[in-house]
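The structures considered in this document are given below.
Below, subunit A partners subunit B and then partners subunit C, in two separate complexes.
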Partner chain A sequence: MTNIEKYNNAFMESFEISAEDLPGLKYQDIDTWDSVGHMTLIAALEEAFDIMMDTDDIIDLSSYEKGQEILSKEEYGVEF
Partner chain B sequence: MIIKNTPWEKRNLGIASSVELIIEQHDNWSAVEKDISDRKEQYQVMHVPGGLTDVLINAQDLGFRMIETNIQLVRDLKKIELPQIYKRFEPHISYHIADSEETDYILSRISEGNMFTTDKVAKDPLLGSKKSGERYAFWTKDVLSGGAELLCMFYKDKMIGFDVLVKKNDTTANAFLGGLFPEYNDSGLGFSIIYQITAYARDCGYKKIVTGVSSNNFPILKLHELLGYSTTGCTYCLIKHA
Partner chain C sequence: MTFDELLTIPPYSLDHTQKAEMLTERLGDLTRLHKDKCEEYARILEGLSFDCADIDSYLDIPFLPVRLFKERSLKSVSDDEIVKTMTSSGTTGQSVSRIYLDRRTASYQQKTMVKIVSDFTGSSRMPMIILDCPSVVKNRAMFSARGAGILGFSLFGSKKIYALDDDMKLDVEGIKAFLEQYSDQKILLFGFTFMIWQHFYKEMKKLKNEGITFDLSNAVLIHGGGWKKLASEAVSSEQFKASLHDVCGLSEIHDYYGMVEQTGCIYMECECGHLHTSIFSDVITRRPYDFSVCDVGEKGIVQVVSTIPESYPGHSLLTEDEGIVLGEDDCPCGRKGKYFKIIGRLKNAEIRGCSDTYADKFK
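Moving on, here comes the complex of A and B:
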């Protein structure tokens, strides 16, 4: 599975949405991306990429695109 | 039924007259109807115990409108622990009792009207969230003067929100009001507000903590459940502008 597939799956499984819902998706755009859903997503991303995210990055992950930007940082090393 | 005049709402909401009508389990609707059908107060709020759907339907026939359900929650304070992923925030979250400058700051943030947007006042098209903020600020000031404690909540060195704890009795505390400042709404930090007031209540020696959330704010209900709170009951809330 490619990294983008893993990344998309984390979102789709955490929020029960489909691939076409992902582009432009932001925190609180959908009922399932609330504060509880946010941590569910973080746990899914950490498991998918075997990483442990910094608390500042957890807070900053406010959209589908922002998440890619954060995971691309050197400390996580995820290439999309 | 308990009929409670609420003159403070004149100050809080800028309305001429208001009343709270608190329906009790054993009330007979005919008697209630007699007492409420010709009331003249400008703003009337009715609280109906959950499950009394006959009252709910009859009251709506008299012009009352359902606006929210208040869900009552309780948490035993014997053991408090954050779920695994949240534990990593623990070294970075803290609180202290607000000093007078911080109190003024928090009250001014509440009165801005963009912190509380789901309660019966905020959701009321004739009142709105600005009025709701002003009302909560006045109300908080009142409970603080009655001995409640105001806690400032921090993430690292930033104040992210607040919580107000009111003593209910020797064993039970009430988390009266709390929230994140709007700039932290999409941060996932809401848990820290609930967790820290819960921990503070335990540190004060209380055995349990109670609170209430609006059915219009489902994410907060989910967060309380995640942090070990359970529901104990609910009250329907209806409003009428005469």
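Moving on, here comes the complex of A and C:
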């Protein structure tokens, strides 16, 4: 599985949505991406890429696109 | 000063003069913001003949009784901007506070909490045992203060496990396996004071007599939610700590004080047993007969101010708790800011707190 596939799967499984819902998706846009769903997403991303995210990055991950930007940072080194 | 600028300052680094200046500016801005955006708040200020131009110090800003958030729906944003409504913990039949959050205020709350708690636990996340049952965070529609507390602290957990099942029974095997798996790491424990005592401590004490023990000497416990029930069982803070140390070797224990009306600004107990105000908020004790400010060491009604709330007018509130400010900038732990203790609830006040409202069922 490519990194973008892993990334998309984490979103789709955590929020029970499909691929076409992903672009532009923001925190609190849908019922399932609330503060509970957010921690589910973080756990899924950490599992998928075998990383541990900083608390500040967890809070800053406020959209589908922002998440890619954060995971691309040096300390996580995920290339999309 | 904007809140984002405030977030760049270490949370216990400002002395009395610097903090007072910062609070006067930020809380003055919030007072004017809520006056513009919240009609009810503007009318309250008008009723008090309060003019925002008269704010020489943040101590001059009127305080709203916390009860008002039960009786009135107070918000400074339009309904479509609200992303989360938080409710206070209440016993059955009690009315609850409703606190309306937009994206910005909700994010400030989380960022503030991270700054405060990291000062005590370090910034790295730890395997976490939540001393509660999983169902507390499942009902998303009604987000209680108890669920919000657990979720807020979950940020600090890397891997997580609930210590109790939905019948509040201790998951002995689960905890044992978890501790074995992470035996080389520091463990974070989080829960509410009464639940910890009733369902964790008492159970572990029983297990110890049966020869089953857990080693939590390399763990840190953060707990909050009220002492009323334990005080009525004559369990003091010292005894709470000593008892937990006795059954599982736990030695690093921090109580915290906070309320849903000012989520994010929690007051953590330091190594010296004092609750501390960070730069994000302050505690002022007031005399009950004229609401003048108490001296250090004098018991009074606790007023809390918070630099966070932009979506609801809750930046200056009068609680129903009594407390004593013990000092400022000179706690032996080295943290600047006021340090204080909470004595208890005012007489005839409602039962509040995640721990005490739950404990009300155990009468």
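As a working rule, the second predicted complex is superposed on the first by the 80 of 80 C-alpha atoms of A that agree within 3 Å, B and C clash if a C-alpha of one lies under 4 Å from a C-alpha of the other, contacts with A are read in each partner's own complex, and residues count from 1 in each chain.
Note that a residue touches a chain if its C-beta (ideal position, glycine included) is under 8 Å from a C-beta of that chain, and two chains touch if they have at least 3 such contacts.
Remember, it's a predicted structure, so these values are computed and weren't measured experimentally.
Thinking of the overlay built on chain A, is A:55 touched by subunit B (first), by subunit C (second), by both, or by neither?
both
If you stack the two complexes on chain A, which partner ends up touching A:1: first (subunit B), second (subunit C), both, or neither?
After superposing on A, A:1 lies clear of both subunit B and subunit C.
Now for A:36: first (subunit B), second (subunit C), both, or neither, which partner does it touch?
The answer is both, since A:36 touches subunit B and subunit C.
Hey, what residues of subunit A end up touching subunit B and subunit C alike?
In subunit A, residues 27-28, 31, 34-36, 39, 46, 52, 55, 58-59, 62 are touched by subunit B and also by subunit C.
Write out the stretch or stretches of subunit A touching subunit B in their complex.
Answer in residue numbers: 26-28, 31, 34-36, 38-39, 42-43, 46, 52, 55, 58-59, 62.
Residues of subunit A touching subunit C in their complex?
27-28, 31, 34-36, 39, 46, 52, 54-56, 58-59, 62
For subunit B, which residues count as touching subunit A in their complex?
Interface residues on subunit B, with respect to subunit A: 83, 85-86, 88-89, 92, 155, 185-191, 218-219, 222-223, 226.
Taking the complex as given, what residues does subunit C use to touch subunit A?
Subunit C reaches subunit A through residues 83-84, 103, 106-107, 110-111, 114, 118, 123, 125, 137-138, 140, 143, 148, 151, 154-156, 158.
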